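Following are the structures in question.
Same chain, two partners: chain A is paired with chain B first, then with chain C.
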Partner chain A sequence: MLKNYFKIAIAVLKRRRFFTFISLFGISFTLTILMVGTAFLDKVISPDYPDYKRARSLYVTTMELKNSKEGWLNRSDVSFYFLDHYVSTLKNVEMMAISSNARTSNAYVNNQKIVIEYKYTNADYWKVLEYAFSEGKPYTQQQIDNAEQVAVISEQTKKEYFGDAPTVVGKYISADNINYRVIGVVGNVAKTLLSFAGDLYLPYTIAKDDYNKPGLMGGFNAVLLAKSKADVPKLKKEFDQMMKKVPLPDKEFDEVYCHADYFFTSMTRRIAGDGKNTGMSVVVGLLSIFVFLFLLLPTINLVNINITRILERSSEIGVRKAFGASSKTLVYQFIVENLILTFLGGVIGLCLSVLVIYWYNDIEPIENVYLKLNFTVLFYSFIACLFFGLLSGVYPAWRMSKLNVVKALKAQ
Partner chain B sequence: MLKHLFKLIWNKRKQNFLFLSEILVSFLVIFAVFSFLTFYYQNYTKPLGFDYERVWTINYDNGRLTKNNDSLQTFYSNLRNSLKAMPQIEEVTYASANFPYSNSTMSTAVKKNGKRFDRVNFYTADENYDKVWNVKLLSGRWFKPEDAVGKNKSIVINETLKTAMFGNGSAIGQLIGDYEDKAKMKVIGVVQDVKTSGDYWPAGNAVFNRLDTGYLKDIRNVLIKVSTDADATFESNLYKFMTNNFKNSTIEIGHLSEMRDSKNEVTVIPMIIFMIIAAFLVINVALGLFGVLWYNINQRKGEIGLRRAIGASGNNVSSQLILEALVLATLSLVVGCFFAVQFPLLSVFDVPSSVYVIAMLLAVAFIYLLVFACALYPGKQASGIHPAIALHEE
Partner chain C sequence: MIRLQNIEKVYRTDTVETLAINGINLQIAKGEFLSIMGPSGCGKSTLLNIMGLLDEPSKGSININDQDVSKFSDQRLAKFRNEKLGFIFQSYHLINDLHVLDNVELPLLYRSSSAKERRQLATAALEKVGLSNRLKHFPTQLSGGQRQRVAIARAIVGNPQIILADEPTGNLDSGMGNEIMEILINLNRNEGTTIVMVTHDENMANKTHRLVRLFDGSQVQ
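What follows is the complex of A and B.
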């Protein structure tokens, strides 16, 4: 039966080439944009180099002080003192990666300016986050305690600063007129990972400003690693409990908020949330409204074309009905036909997305962000295909099944 | 004629419903695109109000500097003198971190006769700011050292704020209250609007506040205007000079022309992506409309044949079909405009209503053009229908 439907579908597609072209064009382009969009979202949301342990991690990024009467608000990254003094005492934390936000400086090599973003980190940072070392190794706790002037640099910095030198471990890199000894080289990190991207990583003990100033607000953020996935909710609870005991730093403010969030929540909070709200519903809601509106137009278009196409086939439908085919069979047949069309469009769309992604990676508009089509993306595209096919097939099929036999036959 | 067309459309209301909704949704998309484009274009055509070329910024941490006001004053005036002594540097100024194209904003509110003006950009600048940026004074003067003494603080405001506050009257010498309306500030000059957040965004209201000695401890950047022969060698020397002056601090030298590019990119790139998506949707819709119209005309061969047989010319037939499509589009556009007109009425997003009105007109014209173009070929085909053949098929 399916084989017959398939044959009919192909025959119909061949008959009206122009309509087939319109349908395939609409489906494939819509899917291409959806696929590239999901590839991008997937890049941002799912665990990615160097942050592979997201299932076990919670992210502490923002401290918010509020005066609820006047509506004043003060928001910044958290301080090293806060992480060291309060967060490190939590029982469920196995390890805590601390890093400062990236600061920019310049270096000059052969009369060329290099912009260097550098970060101060602790020793556990290298254990929690799985940076790929192409040579050398990270700094140890002892080197941090001794405040040694050592640095881990990114591949990009290595290339810009040292050119084509095969190994650079043991060489010195001069930034801010201080010579740091390079002890490791790591792979580049995507710029979208604000907390982890950098060109030069240094021990926090050699920071120029007083890193351990008492106070809640500062320039650091942390990744808390729980012992296991199951411990993450416990850790979250413990963190919230601890926040209740943190004393208010200033009489100006009467509320203090800081959260250990899951990765996605930490992002939505930064985009649309505040101390009280995660911003999750806003971000997800806006995103789905956008996708819905984006899909609406091609879908209406397809429904329009599909209706036109079936009306054209009214004689065929009339004959089939006259010979006793039930409405259900006809609806079934039409939906199958439509799904075949959608999947054809899907295959073309897949090829187009591969091209678009290839082109995107070639021009690299955001530094070190490379997209790839992986199985998650393929799976979502498949769902989108299915959804699209059903959505644009059901209404025309229903219209068709209502077709009156006598009228349909008379029209010829 | 129109009445007849309405009747024809009403008879096929079920079939036309999808057609109508398709045009409606595309109108809304096009309206959104044109709103953005009009807004950006209107701002783009306004003058920039300053020169960014050959302006460099030197950022540093001020945490390790002395907190003593007198020694800070000596330090900064020495720094200015040694910088100005370099042949490649033409002008030096200290300013708050929200200088043009930086990612920092500071805003406040000001009061005039009890009326509150919100979202006023608050810049702190010293006496040489106007020379580095080449800010154009419309009336009055820029800050002078003698402004340090005087009962009321001297400020310079921009044209937008001046128009909002004083209309066509003169602002010079007038007093303005701060956000609590307690301290009074005296306007000593009006400058042309300065588009600090890129070419595509409005300048907004702005107040320039004189940098006094109390602010020295908050300064984190020096802005310099360099001469044409300032190259990378000079930059690395300047860098070394600055690291020697600011021990234990991080120095970053930025070029304003590069900062402008990255500031504009933030606006332009999303707009390009949005336009690509919209263009794809429009092509999609155009092909769909074309297909449906073409098919409809093939279905109505009998009707068209009959009209031709009783004397209608080919042009009559094709103009009827095109007009029919345009009437259909009008129906959708009326509904679409109803939604679109809410934006200026409710003044959503703090954008001048002229933007929405222009965008609406452009979108209406665009949709008519699109429908007309899509109906043209099928209409022409219909005019070629021979009555004898068409009626014979019936």
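What follows is the complex of A and C.
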């Protein structure tokens, strides 16, 4: 029976080529956007270089101080003091990667300005995160304690600053009028990973400002690595209990919020949340509404085209009913036919997505963010195809299956 | 085999009520070849559609094989039509996108038969109507008479007890019409199939066992 449906579906596609073009264009274009969008989301959300230990990690990114009576608040990154004084005492933390937010400095090489983004880190930063060193090595705790002016640079910075030099370890790089000795070179990090992307990584002890100034708010964030995946909830609980004991910095505020979040939650909290809310439902809700609306327009278009196309086949519907097809069987047939159309559009969409992603990676609109179609992306695209096919096929199929046989036969 | 009791069919619009069939009582025996005649619009096709369970009467009951089919669900009606009834239409109603063989196989798609079995039965049905050399042709590549023969093959492929033919020779010249009529007579004679045929052609009607005449929705003969 499926073979028969397939034959009919292909014949119908060949029959009205303009309708077929409009249908396939709508489906493939929509799916291309969805697939590229999914590839981008996958890049942002899934564990990616150098942050591969997400299953064991919690992220501390935001401190919020609130005056609930007057309804105002202060929100910023957390202080080094807070991380060092409170968080480092937690029993379930195996290691803590601390890094400052990125600061910028201009360097001039051959009369060309290079903008260098630098950040300060601790020694464990290099253990928690799996940076790939193409040469040299990270700075040690000893070098941090000695406040040595050493630096780890990115491949991109190496190329921009030193040109085609085969090795740069031991050479000096200047930022903010300070010369740092390069001790290691690491692979570039995608710009979307704000906490980890940088051109120059420096020991926190050589920061110009007082990094250990008492207070809760500052310019740092941290990745807390639990001993095992199973310990992550315990660590989260321990962190929350610790927060209850953290004293308020002054009388202006009566509430303090800071969380050790899972990676995605840490993102949603930054985008749409606050101290009390993760922002997850807002972000997921908005994304879902966007996808739904984005799918709705081509779906309505496809529903209309499908109704017109199926109406043209009312004689066939009449004949099928006369010879024993029930309404249910006809609904099934039209849905299968529509799924064939959708999957054909899906295959074209997949090919278009490969081209778009190739073009995107070539022009690299966001630094070091390279997209790829992986199994996750293909899986979600498959789901989108299925959803799209069902959404645009069910209503016309149901409507047509209810067609009166005599009227359907007379319609020819 | 078929018993129609006090069948009425009324078509209603917002302002007008049209009585298409008015109190028809009819019994058709197993193996009978019956023709229905009457002027255009007298309700012949409506009556045939009601007999074929394609349309519902406004009043009255239909019994086929001693079963009151008026109360069947959509699912059960579909199964009944598939197993017991075969249809031949004036304008053939073949699916132009499918080969002749696929067209003939269509009723078997709604049964639990294998693809091989379907192919064998469809080929045999086409042999019966003399079209075994046109299996892979499309309907548009055939003449009117050949198309109607394909439609007959489709009607008989599932071995139904009853064939309902709505002006099967209406679109054909007399030569072709006679050929089609010959096939139907043979079916009735050799296979014992009950046939009900609507026709405008007195000559064709005279070849059947019994003639029923309608006028303005009522039976006059």
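FYI, the second predicted complex is superposed on the first by the 412 of 412 C-alpha atoms of A that agree within 3 Å, B and C clash if a C-alpha of one lies under 4 Å from a C-alpha of the other, contacts with A are read in each partner's own complex, and residues count from 1 in each chain.
We adopt the following convention: contacts are C-beta pairs under 8 Å (C-beta built on N, C-alpha and C of every residue); 3 or more make two chains touch, one makes a residue touch a chain.
Values in this document were obtained by computation on a predicted structure and should not be read as measured data.
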First (chain B), second (chain C), both or neither touched by A:Ser315: second
First, second, both or neither for A:Lys208, with chain B first and chain C second: first
First, second, both or neither for A:Asn4, with chain B first and chain C second: second
First, second, both or neither for A:Glu155, with chain B first and chain C second: neither
Chain B versus chain C as contact partner of A:Phe323, first or second or both or neither: second
Superposition-derived comparison: chain B or chain C, residues of chain A touched: B
Contacts of A:Val12 with chain B and chain C, given as first, second, both or neither: second
Partner chain(s) touched by A:Asp274 [first = chain B, second = chain C, both, neither]: neither
Partner chain in contact with A:Ile33 - chain B first, chain C second, else both or neither: first
Chain C-facing residues of chain A, complex: 1, 3-4, 7-8, 11-12, 15, 315-316, 318-329, 404-406, 409, 412
In the complex, chain A residues that touch chain B: 18-19, 21-22, 25-26, 29-30, 33, 103-106, 108, 111-113, 115, 176-177, 208-210, 293-294, 296-298, 300-305, 307-308, 311-312, 365
Chain B residues touching chain A - in the complex, by the definition given at the top: 15, 18-19, 21-22, 25-26, 29, 59, 61, 63-64, 231-233, 235-236, 239-240, 243-244, 248-253, 269, 277, 280-281, 283-285, 287-288, 290-292, 295-296, 299
Residue ranges of chain C in contact with chain A within the complex: 49, 52, 54-55, 74-75, 77-79, 81-83, 86-87, 89, 91, 93-95, 97-98, 102, 105-107, 109-111, 115, 154, 158
